[in-house]
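Below are the structure tokens for one structure; questions will follow.
Naming follows writing order (A, B, C and D), and every chain is counted from residue 1.
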């Protein structure tokens, strides 16, 4: 358990990467992070605060183009990849070969099942190396994989939607209280930063404002993660993401049928037991529901539920900030677990 | 089929009432509407455009306190009640006794089943009269009740959420293509004007902006309408409304299991047949989904769907403007049908 | 004064062009408009409602690539150019040569003073033709140029910011009641659609939401129009545009010093006289101020003011919808004046 | 210079009071704050996180009704009043009599000039005591009153608009570089939380969204503060506040005429000298302007400017978070100065 470590971030100019740079800057056990742009990228500037004046006046966030020599010279212990999945797929094995821990925020290493992976269309130059790397990856939700994360070499930080859904369902599904064959409906709504910083028609203010839209019905990339982590079959999950006219935040409304009728107190008890010792999940009392606002700019996943009078139909609502618990904050939480520190270090 | 009629609105100062006043002002068969405030109400002013400068410069919208004599003196043919349900419950019978047609925008007359009605806590002074009146009421969705609406004395204009859900489900449910026992999930999201003009903590800008929240899970007032119109049992419907950070618009994401596997084309065909001759429903091709923006400020209900590869799990998305097709526009559409005019008269 | 005419629009896929297509579709004197895409443009599709499902179900808006032969074959009377200024600069002379009236929504033909024009960096292939064309152009604010617009061959539709500022100031400036040497401050705020449909970092939802920013201080392109139309010298005007987190609407707060102390009633009287006979300007009583909401989706420019107790410092507030009175609506209004019709035809 | 102190807040349930409770909870030198509701107030609950679930899971924020005995028993060193001005007017003298330092967030003690005070309509039961108390009050902007704030008994925390304007203007005005007789225009725009938590028609989501409105032109309460702190005469300042459709943040666009032509570098130098040693002001380079987003959730006031080519017309833009540097954050900054601590303690 080292007292302090040296971190580095590739892709600090994107929304999740920037959030990560900010979190690391105030983490008591992280030395000043090395912030890399990807080689030759258009937005490369000398200082992060030229792109994000939000952080000016806080001592400087110099950016430098990525080079392996720099990584070695600075003695980097953990490399965070806030990069497109195809970049992560290529760089993670190389970083591991350099003896550096990797926490990857993309979808590159989250999936085991090749059928689920197909949606990403990976084109690995060295397939064998890729497979070997994949085998090392630990799925990055500490509440579910705390032990494997300790000393892990490669963490596949969980997807934002996936985190909100998996955390809401894991206690009841693992306790076999859910009628899986009935099917689970996950109706999720996300703020726009989840779509990334690249301007597109879809993220144009005029297209998003005063609007709500469903997209990627039955074919969103996060589906595979949810299935694998919860041990579900594809037909058991219907997941519909929606784009909300807000910058950040996710709310998932989740519909399950319980295997047999329960009392609200028993549902709550099941969740409380599961998350005892998990400080980043906040459980609401039966019948009380979280709202997106409550968890913004925090690393909490908030979970509440309402049970129908029949004791069978259960509506679970979970909320989180897609850039924090859904990305950068969870990455830091994973790092904390990896090095044996307090799970909330630098996240309160 | 009269060429023109005299209309009147009670409650023109609320959001739905104001929308109605605007629609009637440009309706080619409606004489200038009489706009009543409710007696003694605080917001009573001489002109509607003092409250809503939006309509100033359009010839004046004088407001007058409600009096039955005025109703008679002006020869009112149709009285629109944009009033709280307890007011509608009292005034509708009296208006009918005066020989005036009534289109009520509240929940006062929509329900048959006394158990569903209980949620409104009606306190009728003359229960027998109330029952007799209720028996006359026609549920106000023209796409489902066109014949009964013709010459109807009392129309119970449908609820905004209910309209978006009933129109999405009616074709498949009536064709018995849905596995009702599996249960239907309706995840609806609405803009804030649905909560009315009265300022409350819930509608305070700071509470709504940058937020999303679910509310009234398993006990929203519109549930009864949906059950009755679709012929469902209570356990067959799970309906969760959410409050969106936008002023107007509803999107309902609806999850059903088909009784047996279908092709997308067959689902689309079922809907197209059902809505042939219904100009206010716009059907999207299989796999294309409506967004809230598309239907704002129109009287359309937009409906689209995506069918899972298994041919059983169906996601239907429907959108409408809660103040137009979800309230005032549908009220005008009901009036058009009542008098035998073109259903879209004054609504294009 | 023709009973009906044939119109055409180039650039109907942009925000202003689409608004124009919608307005023309319901104009009682315009035959179904020919909607051109610019040759080879990426967003070219067969139907406008594929890009804007908002208008589906209204009878079809077929799009076709621009060709001069089509223009002739369809007998187009007026060509609206909703195109970038460099395109307008090239096409307007050619359209005029074909004997077609042109209403141009870009900045190509608004300015007389070459120094003000310099900001547009025009590169005319035939400079002499361009100058000749420019000499024909009438600045397109009907309230100021009604006579010249009648039968005009080329109308340079006014800029959105410029319209809101010029209309607010014209009455007092023309009546020489303003101390021009003191300087006029115009602090304007606009919704995002003013920046166009092309996605850029500046129009990304996450950059605009929860934000406000000033831009182009002392060098916005509309400055020249304001100076010319009001007869001001550059040092007499300070104009600061801001980007608002809303899709549409402009509010300009304008600060002037009166040449000598006045009573509010006299200021109001000056404005009322000036706009007598101008149905698209709504004047508010002294001390009452318009808000952006009031004029959205209308062709009104709303103007109000508050005068300081000293009778000298005057704050004028003007509001309009940048896509209607600030672009497409004013273009239709200009067309109405051009052909001698009621100025509000198709705009109520 | 005490190592730690005991703080208390009255009015922790309002927006500014809640922000203050959060800031104090993480202040390294403040013991757990005593959070008082005002006696008998409706929103009184046992825990602040029942009203604001945002802070649940952070160890509890118990609320208790205000009592002087509690104040004494807990040994409170500083009492923060986040109360209406009439309450502050009554309680501050009593708290001082108990030997407790007071930092008041209302307008009760900010003004010296009785004419400016008149707008608040104070009704002091003991006018002599009120006058005596007022004489002790120090205006709470540390950048201007650092020395007087040290060991001050009563701090009148500055208004949010006033802070954004005073900090932008103080360097140039104090250096006598501004032509005051020409007049200064301050066009300010604020998020809705500035209007408080009480729901009113003005703060209803539907009235604010998609809108912008100017209000209190020539008669906003903060005008007196600005005049006094900058040494201006009433006719020298025109201040127009606007209500923005965002929850928080202020941007002020300020127009001044310099006494004689200057170079941008000289303007910047004047500001840099003034704010040397003031870590909570961030100055932007000449021609670069702050945006509201940059300062949200921070205690910074960001200031930038653009100078016209004539070297005389200067546009200054300043931004801050109205609940932090405009209220609770500045209150903590004032406390830090009062006790001789690092000015940014607990605010980074």
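Things worth noting here:
Convention: contacts are C-beta pairs under 8 Å (C-beta built on N, C-alpha and C of every residue); 3 or more make two chains touch, one makes a residue touch a chain.
What you see is a predicted model; the values in this text were computed from it and never measured.
Note on connectivity: the fewest chain-to-chain touch steps from chain B to chain C number 1.
Using mean Cα coordinates as chain centres, the one most removed from chain B is D. Of all residue numbers used at the contact between chain A and chain D, over half are used by both chains, marking a mostly same-residue interface.
Between chain C and chain D, the centres computed from C-alpha atoms are 40 Å apart. One inter-chain figure worth recording: chain A and chain D are separated by 37 Å, centre to centre, where each centre is the mean of the chain's CA atoms.
Separation between the centroids of chain B and chain D, computed from CA atoms only, is 46 Å. Contact with two or more other chains is made by residues 209-210, 245-247, 291, 293, 296 of chain D.
Interface residues of chain A facing chain D in the complex, by the touch rule stated above, are 26, 53-54, 56-58, 210, 279, 282, 284, 290-291, 293-295, 297-298, 300, 302, 348. Remark: chain D residues 182-183, 185, 187, 189, 207, 209-215, 217-218, 235, 238, 240, 242, 244-247, 249, 251, 253, 255, 257, 289, 291-293, 296, 306, 308-310, 313, 315, 317 touch chain C in the complex. Within the complex formed with chain D, the chain B residues making contact are 15, 192-193, 197, 199-201, 203-206, 208-210, 245-248.
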